[in-house]
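Shared between the two complexes below is chain A, which pairs with chain B and chain C, respectively.
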Partner chain A sequence: MAGVSTAGSKSGISYDARGLVEPDAEAPHNSEIDGQKARFEATDLTTRQINKELRRLVYEEGITDVTIVNPGSKHSLAVGILKRCNITFEGSPGWFACGLIDGPTVHIDGRVGWSAGENMMSGSVVIERGAGSLTGAAIRGGDLVIKGDVGARTGIDQKGGTIIVMGSVGINTGFMMQRGRQIICGDAGDGLGDSMYDGKLYVGGTVASLGIDCVPGEWDDSDTEFIERKFANYGLGSPPEFQKFVCGKQLHNYDSLEPSERKLVI
Partner chain B sequence: MATSDTGTRTVSIDAEQLAGKRFDYQSDMSLVENIDLDALTPGDDINWLEDVELLVEDGIPAVFDRYSNSFIKIYFEIPKGRENELARKVLMKHLTDGNSYGITLKDIHCKFPQVELGPWVAESKTVGTDWKPPVLEGWDAPASH
Partner chain C sequence: MCGIAGVIHRNGTADLGDELTKMLQSMKHRGPDSTGYALYGPADDLVVIRFVLAEPNEAGGFNMEERLERNRAEVESRLAKIGANVATMTSETGYAFRATVRYSGELKPLADYLEDVPGCEVLSLGNSLEIIKDLGDAATVGEQYRLDGFTGTHGIGHVRMATESDVDLASAHPYWAYPFADVAVVHNGQLTNYHQWRRRLESNGHRFQSECDSEIIAVYLAEKMEGGLSLESAMKSSLDDLDGVFTYLCVTGNELGVAKDEMAAKPLVLMESDDLVAVATEEIAIRALVGHEVETRDPYEREVLVWQV
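What follows is the complex of A and B.
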């Protein structure tokens, strides 16, 4: 294959030095399949091979429970899976893990890099440790649970769904958030909810500073029911006491949007 | 901007216009009453449907179908207090029956394998396994390509 080299690669993985994908990659068929469950080792596989194997199992073999062992922080794993199934990572994927998914229940026994669960449509992703910046960017639906801390701009451009962070979050969390909910058990960095249009932010710790047009919100019974339900669903124990923050409606709001723009966020 | 059968102009995309017909469940609540929203969604609650609410389009109650970017209008009387529940049930009936315009396009146009009826139907067939790029008749790729 033109442009492909294995020079200097200890693992023997072929890659394209220009940064292109491997157009001729095939699923490695290295899974151990036991009924509806499958498990495969990813150490010596490229990103594309891992995703090819996962898709083969889910779509062609009808497997409903897949475990990926040693993902090795490779990027863009388990992206675009549009089916109800269980996916487990034993180890840490890299950037953009589980983006664009619609339906899967994902458990990551490790940490993740930037943008985990970005543009997620439905399903749930539970990350046992920490996550990088832009976690849940533009998420539209489903639940994204991070048991450690996360970086900056969590849920940037969020259009729905729920992000739960058991630790603390960095700066500009909820930046330009348009719908959905974030439950942050720890502290929040500067600029929380900056330029948000709508949605709800719950913070259990301290907030370094609020962003433009993010204001304290009034608590009601639906907030309590929602938080208690989510904590029970994911076995997160007793929720701490939260402060609620919403959009002050002084900067952006739906009333000033054209109908076609409004549809982009519903 | 589209023009409806009655000649009125609207900025919306309407599920009926896309399908060319009105569906029975838009007018008959009994056809959606038995929909189990928990069973149709991942996890222990209604998951992504938490964000689906009853809206109003062209002055008529409607639910938005994000898979076809269109509104499904609801013509039956909605009991007070059940607005969002029934909106979600109408949407799920529309999707699980394969009536969403986005679903009807999948078999022809999707470029990678996926389930035709989406993640809410367990035994839905897989489509998109044999997509081929369309060929424009009479056109040849430039020599440099």
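What follows is the complex of A and C.
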């Protein structure tokens, strides 16, 4: 292909003049397909090849159930899938896994690096082990369930959806969140809910310190109902006791309405 | 950006050069400009000196071969004058050298005396530390310096994306804690009180090879350790003394340490087993080392961890 440099030839990866990686990658067609199900081995595939194969199966072959074996912590896998389907990772993907998805039900039997499920719109991502920082950054909908510990700034800029962490979270969890909920079963680091606009944070363990304008919230029946429903939905056992934290509304004067809702109010 | 990696074997030696090359090459996307290694081979009573006589950018310059030869001869004569008997001196590149010498004096006069030779930079000095750094990705540098087969117990490495200074050797990590033996640092982040610390350390008599903020971490820690602190205590005090965002790795003759700033702004993932500890900016580097699923975790903010050989 014209314009493809061989700068990265030592790693077998090519770049075009703009620095785009593997502009000429093609789907490897290495899946075993059985009816609506497909499964492929990713050990020797590059990031682009894995994503190409996944998209081929979901969008062209109409497969509804894809299993990716040995993703090897490669970054940006299963990003931007906008169709209802089931995706299973047998092994750990790297950073940015399942970002920008709208619809898929994802199960990750492994760990994920930074920015797992960032910007997801709908669907669900269940991670059997831990995750890095910026988990669920700016999600607008869907459920993100992490069964281990996660790093810092979980759900930064969260605009909807639910993040459930069975372990502990680091510093500035829920930083500038605008909507949605986080259910944290373990401990939370310093600056919980710092500068949040709205939304709800539930913490089962200890909170090192609250961030600016994050205050304890009043518990009501809808909180209990919501948490029990989510725990039952994902088979997480019986929920522990939680403290609830919300925005004190002293820092920001913005509302949290979507543009369409704002029109109705006005 | 930049990517860092470290590995320590707690029961014996391994093919460190090959291991770190694999880890660093898998993070090439974080920085393809230069790659560096700080490796610890088996310590003996010889002093190992890694030095360069020119920047790789200049190595093809006018009359350079002749100048390099003249300056190399000058280094040898100065080593002899200061009482360091050269056991070996080799070079894979023509501008970067590895020498082993029999020397029992102070290291600072030795380093200062050599640095006075035109173009000479002492990259590392010690009984087991060897710093190798050059332009290009890890596969290129590893091959150029024949690092596969470098046997040792622990080491760190760095891939650099030049954002605030030139693509050159002076700006490449790791940094040796001039003039303290066997201490080196790699760093991912930016220090915002760099100038304050540089002035303080300079007024204590230290000199710096570069304009890079990361170099002060090495000298800061080594000075604290010289004053009697353990590596762990020195690193803990750095969390309060250094401003900015940082995740850094520090190595000494028998330790590997990790420190993360109070915002946990820069990534690091850690794998720990009885024999082996591996740390890296991204898990993909740990997978390049072990090749199968492993239990890993991200250290939290203000965490300082130190492992011994």
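As a working rule, the second predicted complex is superposed on the first by the 233 of 266 C-alpha atoms of A that agree within 3 Å, B and C clash if a C-alpha of one lies under 4 Å from a C-alpha of the other, contacts with A are read in each partner's own complex, and residues count from 1 in each chain.
Rule of thumb we're sticking to: a residue touches a chain if its C-beta (ideal position, glycine included) is under 8 Å from a C-beta of that chain, and two chains touch if they have at least 3 such contacts.
Since the model is a prediction, treat every value here as computed from it, not as a measurement.
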Give one word, clash or fit, describing how chain B and chain C relate on chain A after superposing. fit
Applying the touch criterion given at the start, work out whether A:Gly130 contacts chain B, chain C, both or neither, answering first, second, both or neither. second
A:Gly117 in the overlay: touching chain B, chain C, both, or neither? Say first, second, both or neither. neither
Classify the contacts of A:Asp149 with the two partner chains as first (chain B alone), second (chain C alone), both, or neither. second
Looking at A:Gly170 after the superposition, I want to know if it touches chain B, chain C, both of them or none. Which is it: first, second, both, neither? second
Kindly classify A:Gly204 by the partners it touches after superposition: chain B alone (first), chain C alone (second), both, or neither? neither
Mind working out whether A:Ser92 is in touch with chain B, chain C, both or neither, as first, second, both or neither? second
Touch check for A:Gly180: first (chain B), second (chain C), both, or neither? first
Superposition result for chain B with chain C: lowest C-alpha separation, Å, rounded to 23
Residue ranges of chain C in contact with chain A within the complex: 25, 28, 137, 139-140, 262-265, 267, 269, 282-284, 286-287, 293, 295-298, 300-301
Could you please specify the touching residues of chain A with respect to chain C in the complex? 8, 10-11, 72-75, 91-92, 94-95, 110-111, 113-114, 129-130, 132-133, 149-153, 170-172, 189-190
What residues of chain B sit close enough to touch chain A in their complex? 11-12, 41-45, 47-51, 55, 64, 66, 69, 112-115, 118-120, 122, 126, 129
Any idea which chain A residues touch chain B in the complex? 55, 59-60, 80, 82-84, 102-105, 121-124, 140-143, 160-162, 179-180, 229-230, 232-233, 259-260, 263, 266
